[in-house]
Amino acid sequence: MSSDKLQVGIIGAGRIGRVHAESLAFRIPEANIVSITDLNRKAAEEVAARCGIKEIAESSEAVFADPRVDAVVICSSTDTHAGLIAQAAKAGKHIFCEKSIARSLREIDCALAAVAKAGVKLQIGFNRRFDPNFARVRHAVTSGEIGKPSLMHIISRDPGPPPLSYILVSGGMFVDMTIHDFDMARFLIGDEVEEIYAVGDVHVDPEIGNAGDIDTAVIILRFKNGVIGTIDNSRRAAYGYDQRVEILGSSGKIETDNCYPNAVTISTGSAVQRDLPLNFFMDRYKDSFAAELRAFVTAVLEGTPTLVNGLDGRIPVQMALAARKSHEERRPVRLDEVTA
Amino acid sequence: MSSDKLQVGIIGAGRIGRVHAESLAFRIPEANIVSITDLNRKAAEEVAARCGIKEIAESSEAVFADPRVDAVVICSSTDTHAGLIAQAAKAGKHIFCEKSIARSLREIDCALAAVAKAGVKLQIGFNRRFDPNFARVRHAVTSGEIGKPSLMHIISRDPGPPPLSYILVSGGMFVDMTIHDFDMARFLIGDEVEEIYAVGDVHVDPEIGNAGDIDTAVIILRFKNGVIGTIDNSRRAAYGYDQRVEILGSSGKIETDNCYPNAVTISTGSAVQRDLPLNFFMDRYKDSFAAELRAFVTAVLEGTPTLVNGLDGRIPVQMALAARKSHEERRPVRLDEVTA
Amino acid sequence: MSSDKLQVGIIGAGRIGRVHAESLAFRIPEANIVSITDLNRKAAEEVAARCGIKEIAESSEAVFADPRVDAVVICSSTDTHAGLIAQAAKAGKHIFCEKSIARSLREIDCALAAVAKAGVKLQIGFNRRFDPNFARVRHAVTSGEIGKPSLMHIISRDPGPPPLSYILVSGGMFVDMTIHDFDMARFLIGDEVEEIYAVGDVHVDPEIGNAGDIDTAVIILRFKNGVIGTIDNSRRAAYGYDQRVEILGSSGKIETDNCYPNAVTISTGSAVQRDLPLNFFMDRYKDSFAAELRAFVTAVLEGTPTLVNGLDGRIPVQMALAARKSHEERRPVRLDEVTA
Amino acid sequence: MSSDKLQVGIIGAGRIGRVHAESLAFRIPEANIVSITDLNRKAAEEVAARCGIKEIAESSEAVFADPRVDAVVICSSTDTHAGLIAQAAKAGKHIFCEKSIARSLREIDCALAAVAKAGVKLQIGFNRRFDPNFARVRHAVTSGEIGKPSLMHIISRDPGPPPLSYILVSGGMFVDMTIHDFDMARFLIGDEVEEIYAVGDVHVDPEIGNAGDIDTAVIILRFKNGVIGTIDNSRRAAYGYDQRVEILGSSGKIETDNCYPNAVTISTGSAVQRDLPLNFFMDRYKDSFAAELRAFVTAVLEGTPTLVNGLDGRIPVQMALAARKSHEERRPVRLDEVTA
């Protein structure tokens, strides 16, 4: 390590880049930001000003070439991830990269090969694993609080659909949205899925259907260990961001509710009610973004494995492709049918 | 016992008389209703028809004189209770009597003396003790689940005030409404109160104030064992009947919520909500009315003590009188200041 | 009608026969029980004594032949239902029959043809429709409280598996247990399912697997109107009887929780906890058994259609057969593939 | 203002001083910390290192004399507050001071006179007003969501008592602990209390009684507008930090629950349970500490009144003294009986 603090370069100063910069600057004393870069230099300057970052790098290449930099945080657009991972690996930098690595297994495998060859650490940004609710559920499974799992449900509904322009290039709902839930399923159960059956439809907006995508889906997962899981997705929940899981085990069940802005209940002549759950993923998962980066910094500084590695980035993409195939062919699809 | 079933006569065929008749007829196989009487013969006839009671008695005297009758259930107006108890006792009948025995300690003491002399059983209709929620709380206290109690709260709010005509003759809120909560306090803690401080005001309806009563109050109870309790009363809760208790003990707390018509939650774009709690005491306490009568029937048939005896009927009246005195004199009042 | 009360004969005095007899005797004044019969005469006598039924009929034939009887309540074993329905219909009796009508569509169609020919009323015992929780959910759907439905989940887990002897003859989990959930799905959404995909496994007891059945399953339902539903079944939930549903609509969601014996919460040094949900279906659904019979009595007396008719009894069996086929063939199965 | 950022000096580097330093350093970009001082220089150095504060001041006098400093944050021990406020005011510094200002009204009045004379801003550290739960309750009252308030309850129980050494000098439970609740009562109702009745006892630890204090109390507050309030205090709740309020109004009620580390529920064969509420005030009120300082910084920078002013610091002390007097004399005490 070039100092006792981890020296970090940030690539990408958009919404999530800014979140990670703030975490590194204000909440993780063990890290120091050397520089930040963005195609939009003004965006990089704004984040730098806010977070006290002293240097705006000209390009990602400049960051990779900087000998002071130990590790990079890649927050650029998804289509650049795989290439940047490979470059960073060649430069010997440890890598934290936002999900997804890429939308094809071929690209992912190239990137992971570069990482393996360089021997650097890679962590993928599946932040929800670091949410205290899901972490608590996972803990219950590993500690045996509910016995041996048999059934799992994930409910994951967005407050509203993304712009159509995004849907047209995102690879579809399974790839851009369910990807988080595929990761969550593997994380919670601690085992691999071998077969997927996906049913989807258009309920939210016919324009999404016209664009060739779906906005509502249920996916059945068969795990190797026999657990049967479902994922429930909708692009729009009128009441806000809905993120819940439940697991049935041989000695009990565990479930987690949504997060609310307060714990207040109001009873009037018409109903007993509370305010809507947190509506925006950056509010709901605020602490998990800092926690995942803290884990990355610790893993690099202490030389331990990262908690979300390259394979953890690859498999959810494979699952998404299998779900898409299942939906198109209206039959269950084995994961090993999707090879590239 | 004149048969293997308890032979019961019912005095009073009003709202609560009908409830008790239905419990005895349909839910307590160990009892048989011999006859029913009411000043309003038509009311008695209607209940008799509904519940399959074969005989309308001409008067309470006729019920007491009937050698087939083992026990009487007194559901007439409060001002008649003490006299009827004394008569029933003289006739050797066991007695279930609705609360309150009377509004003065002198009358109560006369009635209880008659009961003691006759050696009959007496149970007072504090039905809430038999509600599964409060019974569960009491059980937690006696079983030590929360350790030694130190603080207790009772919230007891009606959905709306009774008619002014009733308020004018009821003896006031402490006597007609809080009486149930005074009983509940003693029941939950299992100890006696030695001092009461009551604060009351008019928030619901100025006409109640004009009638010389209050409609909103908080009462502090100091128990002999050191527990400090409060009772919160309102004649009107806009959201319905509100009946909750909470006890803090040395190793935990226990609290009970209201009862709802269903367990359904609806989330829309404006709120997360559920339907209002059960609004009517006959819905909320439906099962407890049957349970108290079943306990009375069992006590008589098996020769065991009743669970709510004459003293349990007397002390809450004494507490109500102490609360009224405290409110009038704006000072804490010891229970032993109220002697008759 | 032979009187102003509905005159009823009961066939079968087992567990559910006794429940229906008690409802008719004590909770439905508009009905009168003429007689009861059971192959085990002693069982019939016990129920008769408890419920004040004056006559023990020698056989179901005797009940059907009794001119005083307007309607019969069939509570015998499932394999006798279809035959008894046909006989009762021929005798001109209105019929309330426990689910399922039969385990094959052929038998069901014979029974329904006899009912149609005789022009009598038939109601099938899907009591859960009358549970206040599910009725409230259905009401929200029909009234538009949550907009147009898109996703539906049913969780239905028993506290423990039935005896293996029962599993060997029951037709399997989809037929004996999920049948209620298939009915619930149609009831809640108010539309028909066109395709089913079922995944099942053995998690509870290997002996169930040895007997050729499963004990854990997830079923995806595609409704004609585009709604996607799931059913989650387990033969054993360690924490008790688990019966919940959730529906997502275009303007909100509705969900219902389990029912508890009390509304008490206890907080100690180790956890914030409440007692387990009601564990036994007869406790959980107590009121719904009376409500369904009351609805049947009303339908006959007032000449209105029954709320759960013959087709409502047939379709869930068809769904169960489709689910079984899907599970065996590991592919989605259209309902119209199952014809007899 | 000497710059566009508020230049702050911090006096006291204990537990709460560190919290405020971190808020100013990392969460309030509009403020800059010029220096910190503490009698224990090592403590000041540690906080300075953690928060990037460049200067350790020799003394509070040095801070007051520093022309760069616009405002001071006083986090020293309670007995020094009044003197430091007066000194800071004379030096023309704006003041944020931890509660309580002092334990006697005489000292408080001296400090407030100095503030008034200097024309500087003063904010008292009643952070709970900035908690999202209590802020939501207050909002419901002011916006009329529950109509006109009539009853209010505050439950405020610590997870465990402070050291006896602290109790011996703290002025007693009413002064050191209930002070927060007296402020909360005024804040929630938006009106002044005119009479207090307090009942206290020793339930937690007899040593607290031997030290002349109580550890358990209920206090009744009569507000000028007729609202009746209670405060329930215990030095020890076995299940953790318990901070709830409830208000009944003419058109409804509002209540707020405790805060939990997660939204997870676990159901096993013995109970349905969740993890204990947040146990430590710094976890429960974490965000409110930053929010109160942010409000102070804004008030100074924008020249608006502070949200918790000198009078808001004085009245709760007067209420505490009235409660103590009531407890000692066992009678209701009017606030105007406590004058110095």
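The chains carry the letters A, B, C and D, assigned in the order they are written, with residues numbered from 1 in each.
Rule of thumb we're sticking to: contacts are C-beta pairs under 8 Å (C-beta built on N, C-alpha and C of every residue); 3 or more make two chains touch, one makes a residue touch a chain.
Keep in mind that what you see is a predicted model, and the values were worked out from it rather than measured.
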Quiz item: Minimal path length between subunit B and subunit D through chains that touch?
Solution: 1
Quiz item: Computing the C-alpha centre of each chain, which chain sits at the greatest distance from subunit B?
Solution: A
Quiz prompt | Pair sharing more residue contacts (C-beta pairs) when A-C is set against C-D | solution = A-C
Quiz item: Can you give the whole-Å distance between the Cα centres of subunit A and subunit D?
Solution: 40
Quiz item: Using CA atom averages as chain centres, what separation in Å is found between subunit C and subunit D?
Solution: 59
Exercise. Provide the C-alpha centroid distance between subunit A and subunit C, rounded to the nearest whole angstrom.
Key: 43
Quiz prompt | Where subunit D touches two or more other chains at once, by residue number | solution = 237-239, 251-253, 267-269, 275
Exercise. Flag every residue of subunit B that touches subunit A in the complex, lowest number first.
Key: 237-239, 267-277
Exercise. Flag every residue of subunit A that touches subunit C in the complex, lowest number first.
Key: 147-148, 150-151, 153, 157, 197, 199-201, 203-204, 216-218, 220, 222, 226, 228, 230, 232, 234, 237-239, 242, 248-253, 330-332
Quiz prompt | Contact set on subunit D toward subunit A in their complex | solution = 26-27, 29, 50, 132-133, 136-137, 140, 145-146, 251-259, 261-269, 275
